[in-house]
């Protein structure tokens, strides 16, 4: 199961496609001038993320779920080469014919099914060669965008959204790699990490009724975020902030990981099979719990949001705490309608697990001719996360954004916010 | 995963508990007179189901998901012994102290985690001894019910519903066992099996709007069937009958099992890993497809409902056919509101996979002091089935009844009915 | 690995074939009169072994390495049917054509590779039907042997040796099955088990030099026991008796199972992976160690030979005790040349692990037209055991007899006798 | 099993220790002058082997059996630091305290059992830092050897033999890594590879009798190579050269990989489980079989020795060819006594599988106070290889040298030479 899921992480990103606005144009198209700037900005951020890495850092794959940094760098470039440059400029404009094979996530589906777990075997091409590849792609795209090339403009938002998703995976995958090293290397002293949140959580109440769910059809969004529809909600309350490490430590101290009564049956089996006793990356020292972060090993900050917990753990915690996880509809409704300031940190620190299995919205219809594959194919076995994390590119998320992972996964920046029925 | 799920099949049956009616009494309580009759009738059916079996037939466990017939026979008796006889008549009234250990499904949770897959090792006690056990329990229950014993009456509906669930598992498990035998033994010449359905399927239309979902709080039902609530539905159509083998053969002939475009990502991985090419129990012969049934091996009847397909297969078929699976709310709404005769075979042949993950209804609150464990613990990783099958005890099901299995499982009597959005 | 080994247990028995005497006749041929008697005696013992079993006892397979009792009963009959009755009397003389398929160990090689682990699925034919099968075969064989039929006489010793091997497996497999049952059933109050041995072990010295190794070519033996050849031995000593439970308890008390220094690298990995802390079937109680036996659960008798230990454990014990396991050549030389009474229990209680991997003797040449397969195919991955056990049929073993099992296996009646270099 | 074996590769190298000469001095001690030279030469070769590698090449671990090049470079330095420099110069003389933890193979035994498969996670320290480490160790060793330091001199031969073993593993592991890369990178245009052999193989005859086996006690050797002893051999013939690819192609063409009759039972199971159809690294192209080598992908040269075959394959080939593998005693006897020129390529191209399980020689006694662990712990589950390969350091091997690997392993430079009984 883990393997299968891992095989799909890239496919599913690939598969995401924009919905269409009222005009029939892909939502979120840009004009040439701002397009050049925006392209350079997003692409530049990816390169900046790679600055702290050695050739070896960028090559190793620490688990089948993760991809090497070099692969993220190359694959996001392949995307523009495959869907814009090659169609517009011809196959000869490709940097290297082999790269289409090496960095095309579809290769897995077509050929050797073991390809994904073997990404870490690619010590060649080197990191430097991959940067050359990026520059090659950037030059072509710059020219096409400057010329107002229609295809380049049409694909821009999707390609950059795709790249931003890989930026987050880049960081989660590097953290996982560095966490395997007993030397606990520092990725960057100012790397993203969840920030402390102040004070006790408050319950924020929401009325029930019919709530509008789904992303604005005129803005850029993925197909699974629509169509806009109504959902029948019942009165509920949502915590004003996410759960903190302090609260999680109480869960641990109260035997949370050892008491099956709090857990889903599948979840407890996983918990026992993998020996979970704390969030991923936590380790016990004579000086108390520490955790591996992109800034290296650090003491667990009790005021920071708990992070790197699976859906199973989040769900068990919520039951222990006398609450529950919100449905994704509750979360979205709250995010759209809460009084300003009532809900803290919706998009800043950790993705928030919901109790909703990832599924099609009413009236969802997989588009013909989608870039990549039918998105609905991942609507089985995964749970929805809402919000965004400290590792998410700025401006990437929105109230209707639907992230999703298998409930056992922990290496993303994932936490939770409690909900409860109104008494 | 398969293992974990398999470990929970009994637990979850055990966990099911009645909701409560307006009066505070367990819904569905009976008066003493009819109680004695009803008890005898249900218990007698279980014994009748065992009549065709040898001691060996009743002992072997053909896979971890299944339980031996002897275990079903003993465990359903243990239920009454543990929750009625021992509390009312004292521990000394137990048939054999060891039986509480051998036939108590909770043993698994408490002690040796390998117990469930080892149920098939219990060549002793013999089948005859287990029948003695049943008679012992029946005598005590008859006396208690005749006396109008409050506990016996209060537990009756739950105990019999529990037994009826085991009656269906008894049949699905025997079929699985006999299917492993190259001799393809006949369980019974008149054993339950899905019956041919006539004619082409018609689309039956339903309005959208707010639909009432959930079982009548005054009738007997399990906790997960409530509370009654509204769900927002959009106009949809449901097929007048379930999918047939004829239609499934077209799916096979069209490469349905080999074309990933139709499948959930997890589903296709499972399909390939297990080499699925047809429903479970089908096998190819020079005379065409045959299938193992409780009546022995038979040619596949093109007019009969397709049976023994997983959720993954059902979902892929629906996509291939240009439709989709209904949500469980759509199914329930249709079952409650369709014109008489419009929908055929809702409760007669095969359980119908829905597109809904098994999850808590709004306002669902696990009851304190439940018999067994919290039912919500299985609300992860399973999909809802609606209706009933040819192997379901008469009168067992109802419109709000929620069955659920892991989407990869195929040994239950499971099929599907198509839905689609109204054009 | 375990699986592969398990798949071969029957094949390898099947594969064993007699060497040939000087006359060109199969060694050990009998004349008609004594043949009828001997056939009846050996066949009768098999039936007697089955007397304590129920239909279910005889059907269940407790692990892939083991076979159901019913299978042993049928397969040993199939052997005579396939190699004598069908060739002499025609296919029509077979009891049931399906049985050749069900009880022919070669079926595994030819067809479904999962057949062996699925032997326990055969609840039909019943035990009673299998006894009918045996009687059918016995009638035919009695007639053929009485008539002095050449093929029947030629195959007799091999067929009976084959049956005797299955008699031992019958017992080891039933013990394994009953050991899985928490009720710890008694197979028979007077069933075979290792008997207490008196006194301290003495070292018995043997000269080195060239020793004759290999079974007498004129007596019945398996091909792997020849040809007779010389081996160069160095002076060594062998313990006068096998290791006892008392000595093994000291090994346990001294941390024997937890100290890698005593163990082969592979062995310690296995020990840890399976959590070995004592011989198979031992379990700790408030009253000390007990062990499951064919006579039910019993306190461990300190004076009895240790039994149900793997080669890995035996080897670790020997190193802990400051000795070593003997080579198979040392064992055979000692068995052939020791003064009467010097070595106790060579053939009475437990098979004795040697330090020799099972391999071809110099000049060994797999015979053409062998019954079954080439015996040498098991000369990889197994270790030689010498002697015989309490479960071995009387007269079955001899000084040159070579038994062999994978070094991790423990469910046979296996123990050890220490050796050491002469100081 | 594969995993366990993989965990022991380094341990077992570490465990190897020199026998002792008549004088009580470690065999093969050197005087200071030549010691400095020899140390520089062997150490320099290791560095030269790393010259073609990037930081990433040197970091990635392609399978649990293999180690990263960086690890080989560091670990061989750690050996001298741990056993000479730290004892002589104090702990402060260590390059970095963490390195003892990272590059000490014993760490696995002591602590985290997953350490070995995680060697490839060590992107830090960088390759450059590891070269610094080597220079640090070389400076200290140069000084100690120049001073005639007794410990340094005493450990020299063992440390260099250890390093030479790692040189060979370095090459086999890099080949395995590069073979995973679809780009099939070239390690070096003049890298070692088996060279074509001329003409038909001839049978070279050897008399039987008592042969002296075991390495010269006065020369450097590992403990398992002694004591010298006699083995009783029977007349046999050995092929004048190893088996070639041409011969192997005939085996393939004749269905060698699909016909169980040629195979050990364990071997055929492995063959089928892993889908072997040719030696490791071979791949089929429209232009015929090619193979990955240290010089990149190349057509299979029919005249070159077959290489990268497991013991199982070698054994099956020998049976197919009407011969057998030699015992290790036959091989050693032949290597010691053959007429000059009669046997070609004993130490030049491929290690030669024998039919002998790795086991203790008569009188073998594990030395107290050995460097590392008791060597006998690997005398289970492995088969002996004799000779040397193109990747073996010059002068490393000798007639009595015993290499050993699990019979399923194929990534070493392993081939075979046929033997047969004298007719």
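As written, the chains take the letters A, B, C and D, and residue 1 is the first residue of each chain.
Rule of thumb we're sticking to: a residue touches a chain if its C-beta (ideal position, glycine included) is under 8 Å from a C-beta of that chain, and two chains touch if they have at least 3 such contacts.
These figures come from a predicted structure and were not determined experimentally.
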item	value
Chain labels contacting subunit C and also subunit D	none
Length of the line joining the C-alpha centres of subunit A and subunit B, rounded to whole Å	37
For subunit A paired with subunit D, centre-to-centre distance based on mean C-alpha positions, whole Å	46
Centre-of-Cα separation between subunit C and subunit A, whole angstrom	59
Arrangement of touching chains [line / ring / star / complete / other]	ring
Full enumeration of touching chain pairs	A-B, A-D, B-C, C-D
Residue numbers on subunit A that touch subunit D, as the complex places them	54-60, 62, 98, 101-102, 118, 120-127, 177-178, 180-183, 185
Sites on subunit D touched by subunit C in the complex	1, 4-5, 7-8, 11-12, 109, 210, 229-234, 260-261, 263-267, 269-270, 312, 315, 324, 355-357, 359-360, 362-363, 365, 373-374, 376-381, 407, 421
